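Two complexes are shown next, each including subunit A; its partner changes from subunit B in the first to subunit C in the second.
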Partner chain A sequence: MTKRRLLQGLTTPILLLPAALVVALMVVIPLAVLVWYSFAADGPGAPLSLDSYRRMIASPLYGWLALKTLWTAGIAALITAAIAWCPAWALSRLPARTRNLILLAIVIPYLTSYLLLIYSIYVVLGPGGPVMALFRLIGLAGTGASILYTPTATVVMLVYENLPLMIFVLFSGMQRIEGTLLAAAGSLGAGRWSRIRHIVFPMSAPALVSGLVIVFVPMGGAFVESQILGGPNGLLLGNVIADQMTRADDPSFGSALSLLLLLGTLVLIGLVSLVGPALERLRSDRRTRDVRLA
Partner chain B sequence: MLMTRRSILAAGALMAMPGLARAQTGAFKGKTLTVASWQNYGADDPATLKMFTDMTGATVKNVFFTSEDGLLQMLRQGGLGQIDVCLPNLQYVLPGAQQSLFAAIDTAKVMTWKDLEPRFADDPSIRLDGKVYATPWVQGATSLAVNPTAFPTPPKSWKVLWEPSSQGKVGFFDDPTTAIMTAALYLGENPQKPDLERVRTALLDLKKNVKLFWSSGDDWNKAYTTGAITMGNLWSGLAGTLKTNGTAVDFVFPDDGTVVWGDTWAIVKDAPNLDLAYAWINFVTSPAYFVQWITKPGSNQQLAVPVNQQAIKALPQAASDKLMAGRLVGYRGKVALQAGLSAADLKRWTQLWEEVKAS
Partner chain C sequence: MSGSPRRRLRDAEAVSPFMVAILGLCLTILFVPLVIIIFLSFNASPYGTFPFESTLKWYVALFTTSNLLGPTLLSLEISALVALNAALFGTMAAVWLDRRASRFGGGLFRIGLLSAITVPWLILGLAMLLVMNAIGLGRSLVSIYLGLLATTLPYVVFIVVARLRSLDHDLDHAARSLGARPFTSFLRITAPLLLPSIVSGTLIAFMVSFNNFLIQYFLAPFGVQTLPLKIYTLIRVGYLPDLNALATIIVLVTCLLIAILHRLGLRSAGLPGGATP
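Right after this comes the complex of A and B.
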């Protein structure tokens, strides 16, 4: 009996062990190396120093670039969510067979090399591409104009790359919303907009927050997109980090910048994660107040 | 068939190879030479590798790096004693030698040494403490390219990139040494030791006109052929290829000077096959090798001009024109050779360039 209880007690740690090892190998150790490198300005064998951090703080450039990067990623993540929300909701209400076919179509760009995606967007956004043709038609752009080589092109690319992921995350959350709940709300007189506002949106909010976090992280670290499409003013912190790690052969400064980006990303994710529960508390307080008033 | 001076030389060079092969086949049979290079850049071309195997009996194992720093890192982290020869850019020879990653080269064992362009063979940046650490291999210019429709009379100075009328029309190579040397030439400064604050101001001014910082030939091609840019700095080999393929482009060696790069072969310290490494360097710097690489279909064969003057002579005229070899070798203006920077200077220049781009 005791043996069985002991085994039962060990089951969870044993099952968690492979994942814990993977996390240790792929996250904790690389992160520790990154921190160590950031203090090894004179090389891995030399005494530790704060030189890389001093250099980072000495120039306002890097703080500004970090903010610009987080702003770009944040805007791109919000646009992605705004575009993905409706298709994800529609998908969650479709019959399984049709839904699976559409999901398959959505997943194809996600499985395609991001370089191919970048070059396909290049054609779409180019002066002779369909987007600029449409803008010209409605008088928003002149001949030969293009949003290529601007920070806007980078945002468009980030949205395009991450849209399938956002749709999947939202879809998986929305799929759990029972049709009967909506039918019940309808039978009690709630209109379509009211049902979306009071049932669908609050119930899909956790998925929305998860989706925002999941797409925001890779967007914050993007650098190839801005390198190819972003033009002279499209540089992001990821580009500087990549250059420091390769061309400048300064892994210490690159590591310090990476940690700055990581810190900024964590702070923003923390803020976003607080929004969902805060909204839920607000709604709960209002409901309680309404019930009391009634 | 019309026999030209070039084709006779090429044939002669090829005929000379079997003799060398017979002399060396026995010595290297069964050995494997480990070569560190860029992918698709002459050292991994199957046809040329077959030539080397036929010649020496040895096989080649390719290992690839994706940046010059990556090469030095590869050597530092276990490459010594494993890799025989590697392909550093001219400006990385000195840092590599200073870090004791390369072995000194006995130029008497490099049969092509006497034919190498003196500009490279005599360059101090391949030397440390009186010893030679690399054999110059290929070269190219990163010079001014303009669209002839926009410029019926080609400009003669880098100044054109800084003109207010050039706003939003410039494609500029995203490379610190090229950028700083180009700005130094424009300012009339010494490109090897410019006043970095003047250069910074000039590059910040230039940035206002830049549409694209390009980092690959494909970046340039797309922007140029769609009309997004009409001028900029460009590799000579790429300009020649564009012209040959029917794209209208004028490639200018400005009066204020041009930037020239070079790639070299170095023997790695503690190379397991030292004699075979020399055989490789003799092979890849030979006219026969260049005729094979540059004239037969393959990757990137149109980008680089041999440093071996006999190899240039051996090339068919069309191939030589495509590379702009004659114009490059014959250029007598000011040359900013991308070489000789200390590791500290290279870091400082890279930092400056990053700051300009981020501003």
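Right after this comes the complex of A and C.
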């Protein structure tokens, strides 16, 4: 009996050991080392200093770049949500068979290598590609013009690669909205628009917020998109961070910039998640005031 | 205004044609770039220009003269190894999380796993390189293996844990009460029930590892090129007809894998319909 207990006591750590070692070595320790390196401007052995942060603040370039990166990612996340909202709602109301087929189709670009997606967008947006041909046809663009190598192309790519994920997240939130609620609202005289506005939108708001967060974080860390499609004016903080490690060979400064990016992302997410409840409070205040007035 | 009240009720639950139209539009946007690449892979012009003239020469080139095949094979090998190991270690960890973990230990482990997929991989890859340099592994195949393993483990663990949660523990208890040792009971009762989710996890891990450019970018030894790294260096050269052919094959294989995932139940794979990983 004690032998069996001993065996069981041994299997518990063995079950966890490989996974825990990998996660510790490749995730937890690296993130800790990242923080440490950001304070070790003179190499890991030297006394800690704030030099990397001083350098970061001394030039307005980096703060500006961080704002531009968060702005680009934020705009791209909002556009993704705006494009994904109606399709996700339509999906959640379709019969199960059609719905599953369409969901399967949307998984294809989601699981395709995003370098292949970048390449395909590169071909599509090129001066000879179909998108510019269409723009020329409507007279929006001159011959030879292209949005390739502009920051717009970066946003297009970010939206394109994150659209499937946004649809999934919105869909799984909207799926839980009961059709009977809409029927009840309809029977009380609510039109199509007011059903969407007063039932669907508020009830899917949590999914919207989590969708925005889920796509915003990787968008903030994008760098291949801006490097290949964004052109000379399209560089983002991610490009500078990657360069610190690969070309400039300044891991301390790269770490400090990474933490700036992480912090900026967290602050913005915090703000977004505060906005929801604040709006809710505002609305309920107004409602109680209206009731009191009545 | 029109129709009987009952009909109006049904209409209120139905989705408007406008929304369905936008869904159609959105699907078109998603697939146009892929369809164009597939279409161009059969076009004879080396610059993607028209008129369209159908040919298979880019597929022949891909398997004979093209330098894309080596990186593809390397990527396949690394990803297969990573996926299989992620499946084994991930399942073990999932069983631990579900059966043995203390609240504190389990929570800590979960946070570690979540950080592996929420911290942007640009930053995580850079941080991994710092540690690998410090312990002397540097940029090497071992580093790539460990890095990819860390970023794929969370998918397997979360998928298998979700399945374990939904299992009926009484089956296990029944086997145990009839005298089966814990290991026997796991192997004969729990493992077969878990198998679909383990296979889903392995496939997802394979695809994540195959496509994970950023981790490979930071940890690949100089001169060694996986497929994403190869595409990255080639993409600035311009239009690549043999890459079109390769992309077509990859998209088709992805479709096949998705079909397998569908048979196993997409929901258990943490894909649409369920919560995202």
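Heads up, the rule we're going with is that the second predicted complex is superposed on the first by the 257 of 294 C-alpha atoms of A that agree within 3 Å, B and C clash if a C-alpha of one lies under 4 Å from a C-alpha of the other, contacts with A are read in each partner's own complex, and residues count from 1 in each chain.
Going forward, a contact is a pair of C-beta atoms (placed from the backbone, for glycine too) under 8 Å apart; a residue touches a chain by one contact, two chains touch by 3 or more.
Since we're looking at a predicted model, the values are computed, not measured.
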Please determine, from the superposition on subunit A, whether subunit B and subunit C clash or fit. clash
Would you check which partner chain A:L65 touches, where first means subunit B only, second means subunit C only, and both and neither mean what they say? first
Just checking: does A:P127 make contact with subunit B only, subunit C only, both, or neither of them? Give me first, second, both or neither. first
Check the residue A:G231 against both partner chains and state whether it touches subunit B (first), subunit C (second), both, or neither. first
Please work out whether A:I199 is in contact with subunit B alone, subunit C alone, both, or neither, and reply first, second, both or neither. neither
Is it subunit B or subunit C that touches the larger share of residues in subunit A? C
Taking the superposition as given, does A:L78 touch the first partner, subunit B, the second, subunit C, both, or neither? neither
May I ask you to decide whether A:Y114 touches subunit B, subunit C, both, or neither, giving the answer as first, second, both or neither? second
Contacts of A:R247 with subunit B and subunit C, given as first, second, both or neither: first
Regarding the shared-chain residue A:L31, is it in contact with subunit B (first), subunit C (second), both, or neither? second
Is A:L148 touching the first partner subunit B, the second partner subunit C, both, or neither of them? first
Once the two complexes are overlaid on A, one stretch of subunit C runs into subunit B. Is it 147-155, 183-191, 219-227 or 255-263? 219-227
So which positions on subunit A get touched by both subunit B and subunit C? 122, 126, 128, 228, 246
Of subunit A, residues touching subunit C in the complex: 4, 8, 11-12, 14-16, 18-20, 22-31, 33-34, 37, 44, 83-84, 86-87, 89-91, 93-94, 100, 102-109, 111-124, 126, 128-130, 160, 163-165, 167-169, 171-172, 175, 179-180, 182-183, 185-187, 190, 192, 195, 214, 217-218, 220-224, 228, 238, 241-242, 245-246, 251, 254-255, 258, 261-262, 265
For a test of understanding, state which residues of subunit C touch subunit A in their complex under the given definition. 5, 8-16, 18-20, 22-23, 26-27, 29-34, 36-37, 40, 47-49, 88-90, 92-93, 95-96, 100-101, 109, 112-113, 115-116, 118-124, 126-131, 133-134, 146-147, 149-150, 153, 157, 181-183, 207, 210-211, 213-214, 217-218, 227-228, 231-232, 235-236, 239-240, 243, 247, 250-251, 254-255, 257-259, 261-262, 266, 271-276
Once bound in the complex, which stretches of subunit A touch subunit B? 59, 61, 65, 122, 126-128, 144, 146, 148-149, 227-228, 231-232, 235, 239-240, 243-244, 246-250
Listed in rising order, the residues of subunit B that touch subunit A in the complex are 67, 69-70, 72-73, 174, 176, 207, 210-213, 215, 219, 222-223, 226-228, 343, 346-347, 350-351, 354-355, 357-359
